[in-house]
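What follows is subunit A paired twice: with subunit B in the first complex and subunit C in the second.
Entry: the complex of A and B
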């Protein structure tokens, strides 16, 4: 009954076999008497770019993703979802579905064994709807059957009698109109947060204002939600799944199943991307319920349409901004009201409001601020985490405002930004002093200096139409095509904030296998594609001076790592791995110190040897270890943060901030409104590039998602219903849409962070969008107050 | 129905195949070949791309019956035992793989391209891979990988295709 993955997935996560072509030497380093020299000889450590340990399995098609799992005697689960955004459930009849051939179980809210409520911040979402449904797509019943098609067909036979109710659909109205129905008993406001600094009613020479809206974006990870649950003999369950955070899933799942957390054992399967969309539960409780009920392994896999209903999206937002400045271009005030539509359940809405308001003026120094943020319940699809959480929306608004202000002042938009850029020692509107490098002005200068594309394709004598807006659809040969250039810069907080202690845990073991010292790193930190497995190996190599580092499969048998989100894993799990490695190293060195008399501080591990500062190589690590296993488990807690008060003040609301700047070059067919992004360049400060190649990959991928939001990605919601739940109608960038990039990475280390790292994953998603829209504005002269920009906004 | 087909050069049989099952479902769930992926099952993402009689197709759009007595080639058949194929090697080396869910389909599409077109231009690479979505990489490293694989294939790469 072991899942098919049991033979492949664990190896998928191990790093026994080094990739051929990896930039590491297979021969042992020959120690000399210069320890510094030795350090250079352990290849694949921090700061280098060794290849990912799972790359070979992935290109062979042998990497077991959650949707690939299989077990003997396995059933397939399916989910019945509400067709209404708001309705009362009068009755549910599962009888006809149960009688269908091949159906093994049909479950409803009554069958939830434990607490029928879950949620990341607020416990407000039922595992299966009880008396009401609050959004189109809410889970109402579950089926398990022999064949996935049987399960799907059985869903049609579940008879649910709904009394349709009037839905709440407008977040801004919900914030101010108490006469609207209450989506939840406590009212429709999930969080209201103001940030007030200086004199919020200050006046200025030049004032610009605008109303900006951001559409609902989807994470659109390619690997669908999936899990395989296997009932265990102790009455518990083993769940193999794709997630961002094993322990938070387990806590919520165990409570819903009425089991002890120890009875719910979770193992990570291959994860096909995440981007925030796997923070909330999807199949977890459902598939376990079906397995426990039937006593058989059950697998659930969403198809693409269901995936659109089965995970949260990026909050759509409406944002009113007013910027005031002196004639010289010094910002005097920013006033803003931000409305975030959280949809039917809270999910990460409180954090979106916190991030959106605290980061709402952008990476600028502003003396007078009033920002108010509302995160609202509505009967729209639930919104929660997506890359750039809560920072993406205001960045589009404040950067649009900076361009508008520059125009009003007759000033170069980059100069205006540099003039007002925040820097080390400045404080944010919430009162947090940036006690680390904040090279915003430098990033803007650098991105401006990156090479530009030579000429507009439209102006070349013989344009390749594939390079023009509209591409191979042959809509133009260059006539009506105008080039534009635009800039954007952003700020994003890294790690969880406002008092959260989102620590990580690492267990590191050092032992000799077949004559060679080998380290094993065990964490629960989700590898979602970003390359965390590689980073962990690199840290262990650097700290322990060994070449071979295996990564234990992620599971719940080690302490929590927290979520692979908020650009935090290299920081916190990197920190935990570093700490555990150092503890192991300490134990080894103490042993040697006792033997040879050199103090521990003078000793180090390098190139598989124990080396003394004074007397050089003392011993082979393998010989020192002998048959012993040295192990240590350590937690890494980032520095403490504190909640915002009712004025939005906090000495330190956030752990760290990261910055990136983009320049976009676009060609716009001004007659048809078609946009071709010709080049997209980025400068980003990453503190310390632990793996420079992977950092560039993050910047490229993040920029592509920002491009998607700028010109194509929007979940269309009409009357609470998603109109485009497919890749046919919800478009994400293809290889034709994504232009070449110049990526410029700088390393201004953060003294508070392990190795000086700064979160990497999110900023490029944030600053790319406003840069592209600015470029389209430059080409068209249109105001463009909504993203994504569609042809209808350009040709009006 | 009973389905007979050749996959990666090996004759295979699947029993009790339903009318409505796709070639993708049969490969993944009945023949133990889950390498081809299922990101949309609507012909939009290319993650399920396989060779059918030597031509790349979306396996999710091919009814299982259409593969009767045909030759199918999947990502699992690209490598020559231990030796990765040029596109596979290049994807690993160039960092074109992040989550890897798009990778199997991209590899088949790219393999087809470099077999058909000896020295593809960037525009040709983009056109050939336009049906394959990747959400992680932004495609830049995929471009690099395909250029690299094409160069290795034609032997024009200076260092045997290794970066």
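Entry: the complex of A and C
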């Protein structure tokens, strides 16, 4: 990147005691390291796989992430966090910290200028703790100092007097035991939702049951939380940050700062991964408070350890399942109780309960269902959005149950799944009829037909230990190694659900620069690594028939795009870009139609020309445009959804569903309990692959995250405290853990979606985990009712 | 923080004598993590990276019995590439350390001085009977590796002493090293085990890591096996080891441990896994010894 030099003088006033609202003496500051424009040329329209403009920068290490932001004269912020899972704050003395050399501000809840509450669904989380702390790691005070180390050390000088309280740590108990302390005044239940279909007390010939638990997974994005706030002349603030959703951040931040949303201007800076972990606020309000208080630019960046406390995690779950079937293998009923531990604040817990219950039987047609879901407050770390939101946990349980049922029936597990697979025209347990392709059976057949790896290395006379469980650690030369194969398939809803109107906005401008027509696409949609920048360029190129498409940096000067989550951006922002491009095209073609007499319907834009169906090329687009700028802004709203009623019914609770199927092949050292996933294959329906290479990348990445949950990723929480907040002990898969994949992409377009697209990012995270665990079970014969599966689960 | 950069070994010793509180830094793969976490705030850092002598290794004169002297600053990657044939157990351990980048930076001397119970280099050094060369401006001494560690992250080093080198007897028989981790690379040990056969001395060496406050040998297991091998004349005429001998060896290895439950694994699992590793590594080492003896026998007849 080419850093821009600062155009401003340093601030004249360094006073740290200035009251909020006092006049700012500094002029506008521009960060010297700031987000780069990703305006590199790419070629290719919808259905092609142009290289992404940020790709080589990231591989070379040249990409500027939010943690690289820099402004002249900036201060560094740091956060004091609660050491207790539950405590009352008797008093806070900031005096000693404030007197430390180099410290410019120490702020507490009293200094929050506006509303000291935020939250994605429920307003229940304070910006800074007031009278109580509800989890170990909750933000209590902020420091700004000349140097990051000074800020960090000043935290030790903030004296907080805590009265330690008994924490609530067990979500299932919290759901039924009213004698427990209340984490929040309204009680400990964030959401309870039943789903009832048919006869919930139906009986069946063959019944299997099990209790399954899922550990707390971390998004483990590589770029930690970071932001740079610069006070503005109008009393507002410019915030450069890494987030998934600029406008939701702005709304919450402005309210907490007591400012109009227009006074809080946000610009997306390099995002180093998100996976749901950047939906909730982290540094946003804190860094703006410090900047507004000191009148100077302030930067905050978490280190890895703080990042484990600074964002939500995947909900741990305990799930009781009972499946009933006929002797022939037709599912008769599914009954389940799901407990999700939401931790100290609600965040996305209501959605986790909604998704978990509505999708709780999996991609199967089941006549009789009773599923109950509880999302609970506890004093554990807060849990919220993570890839596969609310669908990951039940998928581990229902797929384990399908294998158990197949075993009980003496039936091939894939055949059992195919026999019960949901398909177009079937209805979900909540009563929604799938009015688009649902090729679940086809995916299972296809993934089963993909080539298998060669026989286990352990069988050969001179195995390469790197191909065996343990790898270079030299734990086996083939002893104890058994191969297993397992399958998993899943369903995930795409876009927000249950009545949410999560629309997106795109502004597209077409003009001639240096003799060439150039399109500019402007949205607030976050590029979090999924490849959205490229997708937007491809759509504009296809719709406008131009070669050159620039992407405007994401900021809040255009309307909302909603969050880069729920596998929704290509759907909704893709839809908005398509609509805006078509509006621009319409304007251009009308001009030509008036001039040439051809009706607009017969005209199109292609290769920089205006083309008529009847008479061929009519004009150069550049010529038609001249010096004019044609611009259009459009919103894209997905089709309406509706809330669930008390029985969990809704004509349409969800916008769209996506499906993927995995087959895992593992070698397990059955004496040591070490696992090597040898091959992980996936068949997925993506509706329409707008960028086929990026689609495969999403499937590989999602599968790797599912592999992590299957065999290694767990935040270990003991007494409300995280025991492994580091990448030394929170292990994520390396390149030696993630095997080669056969990825089989099919396109069964959804008639309701732009280009027929179907969300891609989440399903592979969901179905990979049960497939891998099924394979380990096949190799070991162990029940394995918890993920991640550890060596001790296999040998003990 | 002061930063001292001695140009050679004598300057380094003088600096350490003058500033006993100075913390030495070589590859920095442990220390920098501690500094970044603010777990340690040394007043003075003593950077040893310019001391050329520390980065060299040599063979001591034959009279001293085939010993390699490894400068404390030799990184793992060079242990693998340059002395792997002479010290196979140590090379196997070095291959399991961190990532390629860590293996390029991290040094054997640093591994010793950090004295983590999970230090990957320690068990093979103990199994080989290695000694640590410790020096100060006033004197020098050698300490057997097994006696170098006095507790978790504690060593025998006096405050003015630095580790100059590690003296490791060249392998005269098969060596093996195994490490349990819950990932297939880049992982801190759940437990480790090293075994070395010393046919010339007719002894057996072992080393256990991550299963007690300090790395240690399983002395009873070593003595038991050596006695069994001597009694049955196995060193000269090796035959497959009876299952009962292998089992007893593994049992004695397990008896030598004092594992705990921690975030990386349970004591119960460590005990179980070390038994498996002891059996397997002994099996591999013994099979290699039998094959080499057979080969040597055939060559003798030809």
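Note that the second predicted complex is superposed on the first by the 747 of 796 C-alpha atoms of A that agree within 3 Å, B and C clash if a C-alpha of one lies under 4 Å from a C-alpha of the other, contacts with A are read in each partner's own complex, and residues count from 1 in each chain.
Heads up, the rule we're going with is that a contact is a pair of C-beta atoms (placed from the backbone, for glycine too) under 8 Å apart; a residue touches a chain by one contact, two chains touch by 3 or more.
All of these numbers come straight from a predicted model, not from anything done at the bench.
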item: Touching partner for A:736 - first (subunit B), second (subunit C), both, neither; value: both
item: Superposed model, subunit A: greater residue contact from subunit B or subunit C; value: B
item: First (subunit B), second (subunit C), both or neither touched by A:469; value: second
item: First (subunit B), second (subunit C), both or neither touched by A:454; value: neither
item: First, second, both or neither for A:152, with subunit B first and subunit C second; value: second
item: Partner chain in contact with A:70 - subunit B first, subunit C second, else both or neither; value: first
item: Contacts of A:728 with subunit B and subunit C, given as first, second, both or neither; value: both
item: First (subunit B), second (subunit C), both or neither touched by A:221; value: first
item: Subunit B/subunit C common contact set on subunit A; value: 303, 472, 728, 733-736
item: Complex interface listing, subunit B residues touching subunit A; value: 18, 20-21, 28-29, 32-42, 44-45, 47, 74-76, 78-79, 84, 88-89, 91-93, 95, 97-104, 107, 123, 125-127, 129-143, 162-163
item: Touching residues on subunit C, where the partner in the complex is subunit A; value: 36-38, 92, 95-96, 176-188, 190, 263-266, 268-269, 272-273, 276-277, 280, 284
item: Subunit B partner contacts - residues on subunit A that touch it in the complex; value: 4, 19-21, 49, 51-52, 54-56, 58-65, 67-68, 70, 147, 149, 219-224, 270-273, 275, 301, 303-304, 464, 466-467, 472, 528-531, 693-694, 696-697, 700-705, 726-728, 732-736, 738, 740-741
item: Subunit A - residues contacting subunit C, complex; value: 152-153, 303, 305, 469-477, 479-480, 671-674, 676, 711-712, 716, 723-724, 728-729, 731, 733-737, 790-792, 795-796
